[in-house]
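Dropping a structure here in structure tokens format, bear with me for questions.
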Amino acid sequence: MAIRTEPFVINVGPQHPSTHGVFRMRVTLDGEVIVDMEPVLGYLHRGIEKLAEGRTYTQNIPFTDRLDYLASMTNNLAYAMAVEKLAGIAVPERAEYLRVIMSELQRIASHLVGVGSFLNDCGAFMTPFLYMFREREKILDLFEMVCGQRLTYNYIRIGGVSYDIPEEFLPALDKFVREMPGFIDEYDQLLAENEILLARAKGVGILPKELAINTSASGPVLRASGVKWDIRKADPYSVYDRFEFDIPTGSTGDCYDRYRLRIQEMRQSVRIIKQAAEQLPQGEVLTRVPLRLRPPAGEAYGHIEGPKGELGFYLVSDNSVTPYRFHVRAPTLINLTALRDMMIGWKVADAVIIFGSIDICLGEVDR
Amino acid sequence: MVGFNPDHGLFSYGLGALPPDWPGNYWLHWGLFVIIIIVFVLAMVMAFIYFERRGLGRLQVRLGPNRVGPFGILQPVADAIKILLKEDIVPAKGDKLVHWWAPVVAFAPALMIFAVIPFENGALLADLNIGILYIVAVSSVSVVGVFMAAWSCNNKFSLIGAMRTVAQIVSYEIPLGFSIIGVALIAGSLSMNEIVTSQNIPFILLQPLGFLIYFISACAEMNRTPFDLMEAESEIVDGYHIEYSGMKFAMFYLAEYVEALAISAIITTLFLSGWKGPLLPPFLWFLIKVVLIFFAIVWVRGTIPRIRVDQLMAFAWKCLLPLALINLFITGIEVIVLPQPLPWLIVFLNLAIMAILVLLWSKFFKLGGGRVEV
Amino acid sequence: MTVALSGDEIGGRLEEQFPGSVVETGLNSVLVRSESLVKIATFLKTASGLEFDYLSAITSVDYNDYFEVLYQLTSIKHNHSLVVKTRCHGRENPTLPSVVSLWRGADFQEREIYDLMGIRFDGHPNLKHIFLWEGFPGHPLRKDYE
Amino acid sequence: MRFERYGIGIAKGMALTFKHLFRKPITTQYPEERLTVSRRARGNELIWDKELCVACTACARACPHGCIEMVTSKGADDKRIVDKFQLDTGRCIFCGLCVEACPKECLFIGCGYEKATYRRQELVLGKEDLLLSDRKQPSGYARPKVEATLPEQTMLLNRKQYLDRVKKWLD
Amino acid sequence: MAGLDIAFWTLAVIGVASALTVVLLRNVFRAALSLVLCFLAVAGIYVSLSADFLAAVQVLIYVGAISVLIILAIMLTRDVQRGSLSNKFRIPAFFVAILFLGAVGFAVCNTPWQIAGIAPQEPTTSALAGKLFGEGGFVLPLEITPVLLLAAILGAIILVREK
Amino acid sequence: MSIGLEHYLALSAILFSIGLYGALAKRNAIVILMSIEIMLNAVNIAMVAFSRYIVPLLLTGQVFAIFVMVVAAAEAAVGLAIIIAIYRSRETIDVTKVDLMKW
């Protein structure tokens, strides 16, 4: 039995604590139930794709940092891989290992923020968020050690990584890898079995498997729907084929699955980092490429499994120093496609957590 | 209740704590006591704000406010000064008069509750013989304040908040009332002071289920996590006080903490034998228990996520209310069948009953689901 | 490893199925006529052995003479990929058929291309500006945009 | 979802938060306590060694934002001299590409990070502001020689030892 | 009995004034708020009549429940609210009210009330309980009231339910 | 003259007349309901006053006041439900416009 009331429209965002940036949802409500939802984007559109056409290949790396600012390392990596594919540059082995370590650390950091803010949206008053930020700080410390910045790294370069790691990095990484599983257990203990969270998130915002594939969802959103699709396994890049790790998948594709999946992926990332740090070879870390690189005319699409999904860079070169076309396949923008279907029929409170469980970053959505 | 004749009225029982040879007439005592209570409440609220912020900080492995004064003890003062200096904004299309009065209406009932809280034996403003009923009645008035605030803002978020408020407060008042009646049955009185004096062992042991129900529904009444739906920051951006700033917001903020203090004091009085306790002076015992209860509230806030609105209603009507009714029923039988209560027997009996009921309800009660076809 | 299917082979199959639809074939790509895009896309999505159920990305490139739109197709079932390209001419009102009915993942990407590159997609259910505001002059990603 | 677990999940979470009550807070009390930045830190400043500079403008060309302005002229004995060297730190994104591009290793990025000002024009650093001074610490970014002289960042390994070092380094 | 006098006059003035605003104000929401004030004044009147239990119940039921329901109804119907307007019977209604007032006033003044000079019973709670549940009390009517309430609730649900 | 029964009865009568006027003269259904509540309250005052001054020990008036409150609560619930139902089918709560005896 439903009591119908006058539908009214509210704007969730662009300034709203739970839209993770300047995202706006025009939500039509019937009482508390969402009847219609329309995402409104573009508040953070900076035209990076156009800006990149006027800069050299190397100069574009700092721009990729600013796409998904919560996962800059993987953005660097995807871009560098696209350019390497375009120009046919080989990467030293040590650099490949460092890239793997960095991108897995970045995956953990990004998932920490994603899960933390998801739980915050559920109404847990900042506690899980701060616990997760505590570990994220450690990862940022590690990043600061290798490249001197905590947010916009500009570390992974065309042909390798910019610098070799300092000597204190490996012991610190080792300590982090040893401690991290314990912390992940703590997150599990904190809220994974919490009855209220189960009631809030389980069965809420289901994205069915077929719809997930059809809407080109990627990353944890796709895998939570039960599709075992991870580019690290499906199309192994870098040296991912040398490590043992599992691809966790969800069963129903609800918010709870997406949350659990991120936690499980953190465990897998720790596993990968451990193996990579053990196997880390000696040697060069950067193939010298000319500063004003002129790749042969052509096109290349480099894609990686970013923390938020398939991050791809499509580059067209006309044999000049600047890319002719620079296109970003932004995972979070495309993950938002199914947002309306996931939200309709749920309550306002669910809208917020469904949105949170997709884990978007507006820097990347709007570019 | 101005202008009431003390000689035959409700207030003639009160002020037992004052020495009989205290100079001055009744009204002087009364006025003095009112001032003492207000000062006490405001001081406690300051302390609570500090306590909550520091406590939450420690639960979240950070320090909490520690800059203003030693250990940040003056942080509430700094907050107050900051908030008083803020610009006072009234929405242009709002109802100005109602916007002005809403914080007052929300604040006054919270303060009025303290008229019947016994701080020590007999040390209460008015030992009403309907003490508990008075509390339930007065605290239901604060809904009107929330309503006024929500309406006068002319904001859709605050309107949603108001709708949630009605649903929440009206629903949770029922299990709240029923769990209180269990206590009143055992104590045989509605007067707060008599309830304390009749507690040879704390009623939390005799009424464990009642305590649980009261604690949960009191959390909902004063809209604390996990029931802070009406001001849910991550959903409806603080609900009814979305458009409030400056002094008027301070009043709401204060009302929230006064209510938290009042609830802690009521729980202390009803279930934790109030000011009673060995060795230490009664007032200190009272304070300790109040702070303990408040810590529990803060602790819950620091851990648990928020519940959803339909689950909130389901929880009140399908879980708390039946449990409260069963509890009342069992208590009634116990009071009749065991006229000379064997306290410890009843303690174990009630604990066992509570455990069985909670387990049973865990099996029956379903929280979740909630998609509506549109 | 995702197998990038040979463009020549697929192009041959497509030409067999829909004569005259394939313009040229590249290493891993097929350039098709825009009129037969939806037909070909339906075929690629459903034909056994191909089953490109996942549309990774849509990209548009402005080559001054014409616009090229690329569809990065992936089959999750068979783990292979293919790039389908199509072109549209004319700078005033370039139009392509929409593939939203096949892959809903194209929704936001086609809107983005419409917004930034100015290519209309026939059959898109909600072709509006996505990043820029309504009434924004010009299409920023075009090469002649100042 | 049934309440099958009788509130055990809630109890577990409550136990965890209670445990955290007795843990040491992770807060760093900023103005009094400071963490040392890493040896490769890229702070909000650029340091220029005037003597070594050959005025090749590689740094200006490497900058993705074009916030470095360098005007050179031919001086005596055919050496190029720098007439104007200006960095707009308000637009700088501290990517470090200019430092890497410098062929003579005469440009350093600094460790300093408290550079807030009230006026935008104060963020524009001229020739004199870019020179090395006592108050500026060149960072080891792209400069291994400098890096070797700086203390390492070992917060993750040993907090106490690290904080001691910080104290020492500050004194 | 000066205290009682002051209390009565204050409460009476507040009650009458707020009741007048309820029927005279055009803003329905404000009218509902002054209705709350009127209810509170009536509760005060009960206290002055030493019916303390009744006063608490008045606040609980009228302020806490009925007025909240009324305000909720106002909010639900806010898009058709055009204020509280009067119909064409305003002047006849006014005369009817005055006439009624006159008649009652006449009756009040001309009836020889048999005032019992004894002090009222206090506290009333247990006495009321005895009256309601005790022997010779109102047990049967009291048991019928829940049936009435149940019927009202069911009726309300059926009325607002969607077909 | 100290306060007596007459005062309370007069207050009751005034409140009742106000409520009567409101119930008769208003067009907004919710305001009519509010006026009815005022009338019920006025009656309650009279009953409690009678009880207090004429049979102070019997409390019958208070018992009746309680019954009146129960009735008032039931009336409010049903009345508001009717108003909501009318609002939903007619998009109005103006009683003068609800003259069609048809749902």
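Per-chain numbering from 1; labels A, B, C, D, E and F assigned in written order.
Methods note: a residue touches a chain if its C-beta (ideal position, glycine included) is under 8 Å from a C-beta of that chain, and two chains touch if they have at least 3 such contacts.
Treat the numbers as computed from the prediction; the structure is a model and nothing was measured.
Looking at the partners of subunit B and subunit F together, the chains they share are E. In the absence of subunit A, grouping the other chains by touching gives B, D, E, F | C.
The highest number of C-beta contact pairs joins the chains E-F.
When chain centres are set by their Cα atoms, the one at the greatest distance from subunit F is D. Greatest centre-to-centre distance from subunit B is found for C, with centres as Cα means.
One inter-chain figure worth recording: subunit C and subunit E are separated by 72 Å, centre to centre, where each centre is the mean of the chain's CA atoms.
Centre to centre, using the average C-alpha position, subunit A and subunit E are separated by 62 Å. Here the spacing of subunit C and subunit D, counted between their Cα centres, is 44 Å. Centres computed as Cα averages put subunit B at a distance of 51 Å from subunit D. Shared interface positions of subunit B, defined as residues touching 2 or more other chains, are 59-62, 163, 302-304, 367-368. Multi-chain contact residues of subunit E (touching two or more other chains) are listed as 1, 4-5, 48, 50, 53, 57, 65, 72, 76, 119, 160. Annotation for subunit D: residues touching 2 or more other chains are 1, 3, 5, 7, 10, 13, 16-17, 20, 26.
Within the complex formed with subunit A, the subunit B residues making contact are 56, 59-62, 156-157, 160, 163-164, 225-226, 228-229, 232-237, 301-311, 367-374. Only residues 1-7, 10, 27, 29-30, 33, 36, 40, 44, 47-48, 50, 52-53, 56-57, 59-60, 63-65, 67-68, 71-72, 75, 119, 122-123, 125 of subunit E touch subunit B when the two sit together in their complex. Taken together, the subunit C residues at the contact with subunit A in this complex read 1-2, 53-57, 59-62, 70, 72, 76, 79, 83, 103-109, 112, 116, 129-133, 140-141, 145.
Those residues of subunit A whose C-beta lies close enough to touch subunit B in the complex are 2, 8, 10, 16-18, 29-35, 119-127, 130-131, 134, 190-191, 194-200, 202-204, 344-350, 352.
Those residues of subunit F that touch subunit E in the complex are listed here as 2-11, 13-22, 24-28, 30-31, 33-35, 37-38, 41, 44-45, 48-49, 51-60, 62-63, 65-67, 69-78, 80-85, 87-88, 91-96.
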